[in-house]
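Two complexes, one shared chain (chain A), two partners (chain B, chain C).
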Partner chain A sequence: MASSGALEKPRQLSLQDLDALALGAWILGTGGGGDPYHKLLNTKMLYREGMFAALIDPFDLADDALVAVVSTMGAPLVGKERIPDAYHALRPVRTMEDFLGRPFDAVMSMEIGGGNGVHPTMVAAFTGYPVVDADGMGRAYPELQMTSFAVGGLSCIPFALSDIRENDVLITTAVDNRWVERLARSLTTEVGSTATICMAPRTGAEIKEHGILHTTTQAIGLGHAVLEARRNHLDPVDAIISVGRGLRLFTGKVIDVDRHATKGFLRGRARIEGLGADAGSEFTVHFQNEFSVGYQDDKAAVMTPDLICVVDSVSGDGISTEAIRYGQRVTVLALPGPDVFKSENGLTFAGPRAFGFDLDFRSVFQDESK
Partner chain B sequence: MASSGALEKPRQLSLQDLDALALGAWILGTGGGGDPYHKLLNTKMLYREGMFAALIDPFDLADDALVAVVSTMGAPLVGKERIPDAYHALRPVRTMEDFLGRPFDAVMSMEIGGGNGVHPTMVAAFTGYPVVDADGMGRAYPELQMTSFAVGGLSCIPFALSDIRENDVLITTAVDNRWVERLARSLTTEVGSTATICMAPRTGAEIKEHGILHTTTQAIGLGHAVLEARRNHLDPVDAIISVGRGLRLFTGKVIDVDRHATKGFLRGRARIEGLGADAGSEFTVHFQNEFSVGYQDDKAAVMTPDLICVVDSVSGDGISTEAIRYGQRVTVLALPGPDVFKSENGLTFAGPRAFGFDLDFRSVFQDESK
Partner chain C sequence: MRRIGVDVGGTNTDAVLVEDGTVRSTVKTPTTEDVTTGIRTGLAELFGENPDNAAGVDAIMIGTTHFVNAVVQRKSLNRAAALRVCLPACATLEPMVDWPEDLSQIANGGHFLVHGGHEYDGRPITALDEKAVANAGRGMRNSGVTAAAVTAVFSPLTTECEDRAAEILLQEHPDLHITKSSALGRIGLLERENAALLNASLIDLSKKTIDAFQTAIAESGLNAPLYISQNDGTVVDAETARDQPVYSFASGPTNSMRGGAHLADIDEAIVIDVGGTTTDIGHLRSGYPREANNVVDIGGVRTLFRMPDLLSIGLGGGTVVTTDPVTIGPQSVAHRLTDEALVFGGVTTTMTDMAVAANLLELGDANRVEHIGRELARDIMAQAHQILWESVDRMKIDASPVPVLAVGGGAMLIPEHMDGISEVIQVQHFAVANAVGAAIGQISGEVDHIFRDMDRDAFLAAAEQMAYEQAALAGAAPESLKVVDVETIPLAYLPGRSVRVRLRVVGDLPS
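Presenting the complex of A and B:
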């Protein structure tokens, strides 16, 4: 997808960039990754105190540079009550540095989607480490092994996790990335379904080979497009489709939400009644933190790893699985996902069957890509 | 309780000592700590391969000696199917050594009771580290914070845990020892309710001040007394009472067991119908891995931190909460517990209320001790 090409060396993110990043990441979150709002406020607060976040192009990283891959883990719903803070985001990074016996050179998102797209800017402002313009998902996914690094065969240990108190845990050896997910998930559930994490340190070389590149820039671009459409009284949804090369799948009103926070996840589905051209039809989006599969009138219409984005039909704001509710006027969009997840291995990790749907992946962009 | 006094420097444990240790630890386990049998076989197997375990008096430890405090964690029932092995016992010790960047000088039991009393001999034979003649409980207790070290205000982090696969976890910071218990318990449950652990390294000075001293020797002494009684056709239960300065509380037949493995523990109760002098009366022992409170005809008769030991009325063998079953002829004994658990702080950690019983602690040895 859209890439800015070469960046000058670390470039400080402006407040406008941060606003656009939060907006774009919320759309790319496909319903998950948590609400970016409080993390955005945290980073802005650090900016007011003279601490800034800069963005660095992955190709400007030395091959042996060491990068902290950071995120929040848990049920996004919990973040609505226990507000994220920058110190909590920093803790697993420090735990990992103590374990490694050396500091990091940069920080990056595990997932560009939702609050986790903004997450590294808090760490960056605190530490002075630049944010790498890349992530491991190109969106948000609910489980740790659903990263391009895991698909590429890289381990996600050592792995550090911190709760909101003063509990810090390191997973130092693991059978595989699924076991890291299981262990970290049981810890996350025990501490209240919200934790911050720092995954295995990634080298510059690993990021250039296995990362999803320039996704921070992509999110900022999406956000700026929406903001510009609003300023010019144009349709923000059209702007998303245009900049994101997406497809409009369905437009309607949310008529029912079935949602429960369980075992560290937010699971359920939302039913949308068609409006306008879609009147008389119904669309159901299923979710496990993120939207995983969408059915139009009982026919599977869109599925992961295509990005399923539900946005406010008027404002273009991303709507998340913890915030979707009765009465909202929404548009369901598909955006193309990173190719790495369409490989056989990628589909095993993040295809519809990884979410419990016995479906063969079929992209809504299939014709285009063949 | 019985102490051997000064030991010569590390003294190799004989095969007879190992047998006696397993037997004595099973009695001191108060129903828990797991069956010592498979751990005993493991250590004997290492002996056959020329690897031996030596015992060292805590007072022979340098103040700055660093000791690995080891144990199995989980529901003892699981150990009946997934047999312990020495390599698994070693793993968290190596994880901790890697984290500390230095080797240990010795190893000791977290709890002398049950299989965990034998546990460090596996590590000792493997590594050559001597076993310190001490533990942190003087018995077995189900939860991590129920140690003399915790009562003395020492933290049990860093804390290493290994499952039976290749998953290793370190807790590097914790709010308190109860949080270590919660986090470790959720991990243990996730990996199948059995794990091996290495608690915070303890220095020689800490062990001399806060450890329960000479409990390995005590267990060996108890075991030898039972073995000698058997050889001489005397009553092994009398021998336990005599050597352990215990009290006979009840003799009868197990008529009902209610037992369930849940949330990493084995919980329930066993009902014993009186025989002989106790005919017409009934005794119920409640347990959470270990026996916690005993009622005679609905009156609380004995409670933690007194040791509640259920032994085979004929052989004197300890009977554990996972093995107690209908029809067994058993004797319920009380043995005096370490004083540290009778302090206000000790009772908070390991008194009857810590096990959910709203009872003020009253020792069966109370008159004697006043």
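Presenting the complex of A and C:
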């Protein structure tokens, strides 16, 4: 373990790494998390101006190193019009530093899935703080209390939220993490349904114990694998499964999508008709912003916290729950979910019942090991 | 109703005379560098045998790929300045940030970011900074730039900021031509701004080209109003078109689809246009192409505005085939087909050769492909059919069977039977379908708006009203307007019951 206060061996991310990160984060978004494109563009622009982002292994963090946990909150549609601004991403971090009376040592993503997987690279390029190779979800989840830190009993306060105007809010006391989610959600609505946040600072020791480790390199690895497969005219889906140690669950064509918005979430399901080896069979994936449970011919086949990824069968690109539509050729695959969410406690946060499915969690990877 | 449809393509200028929907005469003539001469030649030939034809023409419709070609070839573009009304939001990603370097170098006329813009619920982000807008106007005047694009956050929902900013810019710089992003619609700031900037950078060419059209018409002795074909298959009057060159970008494929459907007398179909290198597939509903709901790449620029949803795949009559192992494309001999394909005496094996070897097509010298063997050729044709069928199936919106309309030179690549396809219709006289598509154009209006806490009936009625007003403004006969496309998208995360509605109406020209 590293000695106190020193950060070792950060590795600068190349432009190719950033492209791969965005692609991999989109896959790990399991249908949600928002398109990383504009955030990727922001970081690339900072690179052009000579500001770079480096990646640090969590085990190279000092136990008392202080890490900013950052992301955007809000509606993806608003994010298309109020496009992400790199300086806005920095604001809640500065607010938190003022409150703490000391600078951070590093920055980390709250969720690796979707746009938030790329988010810390903007802050890193501005500040020079390295990005910690870890996150709190290992994917994307719809609510901010669904993190490994919350499962570990750590509070997400103090909590800083920034409007693009000169409105910065700091929540210093709250009953529990669900209250923070409620308060932050209403604040976000009030400032135009898009805000940047910095959650409770995490120490190096907390990240090593409770973080979901090496998810940034996982996303970059997935992205590179897809890009390389495309260059060599190989199957990008095979590449994802091989690099992500995943399982191919179903290959087919989307034949029906039912989608509706309730209580601030995009819910629904997509039915997929089997092709090739899966001909004659049908697969249904349910979603609440992200894909949550999959049924093959009415039998539960895969469920969160296993990662359910729906990708384009030809390009390997992740398909979001907002964009999935009739006629798409898709492959449903599972990637191993973080162990922390598979404990009895973890399942109350991110198991099938947390998404309204009366199912006992059963991992597709459990079945395999037998 | 007598109308003339003209398609000014990169190679040929086609003209047709259409009388009450029936094609009376057709002409094909080479496109000339000055555009005018080609059109004049075409019109003269069209009327040649019967000069009286020119007298009773009610309207002339021109479709052209001139403007999109200018972007793709980086030719004849003017510099365009960008005014973005957004601060303090959206500051770090500057206008043209994701444009290809070679294009932004030609078109970049300076960037100005000022305070203002709106939230999704109509509240202002901050007040519009009128002083900063005036400064920007002076900056543009001093730098000599004469075209600008104005883009405000959430302007598709309220045009207030863009309207006021345009007024101020004109006060400071009366010679400035302004494209407001809200005139192009669609939520997605950067992509809408890109479309507006492309539009602004084509303004000089647009003026020149439309003037040339009008000169050609006047010199041909026609006394009929000029309309220009749009991406969605409708037309607008020449004055409006002059300000909106981007709206003609996809009029080529759109006119080809609509013209083909008109000639086949159907209005619901998947249309397949098989060319030499690529196959374009679109979906006609109520006679109009379904619109793209996502980002469309134009010459390397991501844009989001009214464009048809087209799927382009690398398969055509000139696609190069190898037999051991079997590969199909993506290389193509393209326009060199008649020199390079085996059946024409060349040395490259193409899809056209396979069709001949499989006995599906009679063309060139069949002896030159005998060595391939009918079995293998049929096998390869079956693979090509499979690729095509999958693409057709992707373009459908549900499982119910629809007819396929086969147009273009490589129609032999289209199988006679496909799953989910009721019939395959081959269009006769397709050569002038583009010009026919232009001639039958109607006028449209479109809205893209977010409604909150309203019943379905109420928000649909409100959207319809907005679209009607737009179409009437564009010159449509009000009593002829009807809805052709409605899409409602419930919005997650936003408070209240929010729904985004896209609705389009079309109507006839006044008679």
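What we mean here is this: the second predicted complex is superposed on the first by the 337 of 370 C-alpha atoms of A that agree within 3 Å, B and C clash if a C-alpha of one lies under 4 Å from a C-alpha of the other, contacts with A are read in each partner's own complex, and residues count from 1 in each chain.
Operating definition for what follows: contacts are C-beta pairs under 8 Å (C-beta built on N, C-alpha and C of every residue); 3 or more make two chains touch, one makes a residue touch a chain.
Quick caveat, the model's predicted, so the values are computed rather than measured.
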| item | value |
| --- | --- |
| If touched residues of chain A are counted for chain B and for chain C, the larger one | C |
| First (chain B), second (chain C), both or neither touched by A:R353 | neither |
| Which of chain B and chain C A:K208 touches, first, second, both or neither | neither |
| Chain B versus chain C as contact partner of A:R165, first or second or both or neither | both |
| Which superposed partner A:Y326 touches (first chain B, second chain C, both, neither) | second |
| Chain B versus chain C as contact partner of A:D98, first or second or both or neither | first |
| Touching partner for A:L187 - first (chain B), second (chain C), both, neither | first |
| Which of chain B and chain C A:R178 touches, first, second, both or neither | neither |
| Partner chain in contact with A:H38 - chain B first, chain C second, else both or neither | second |
| Shared chain A surface residues [contacts with chain B and with chain C] | 165, 189 |
| Interfacial residue positions of chain A with respect to chain C in the complex | 38, 41-42, 45, 74-78, 80-88, 164-165, 189, 192-193, 253, 255-256, 259-261, 264-266, 289, 323, 325-329 |
| Contact footprint of chain A on chain C as seen in their complex | 88-94, 97-98, 119-121, 123, 125-126, 153-154, 187-190, 294, 390, 393-399, 490-495, 497-498, 500 |
| Residues on chain B engaged by chain A in the complex (per definition of touch) | 95, 98-99, 162, 165-175, 179, 182-183, 186-187, 189-191 |
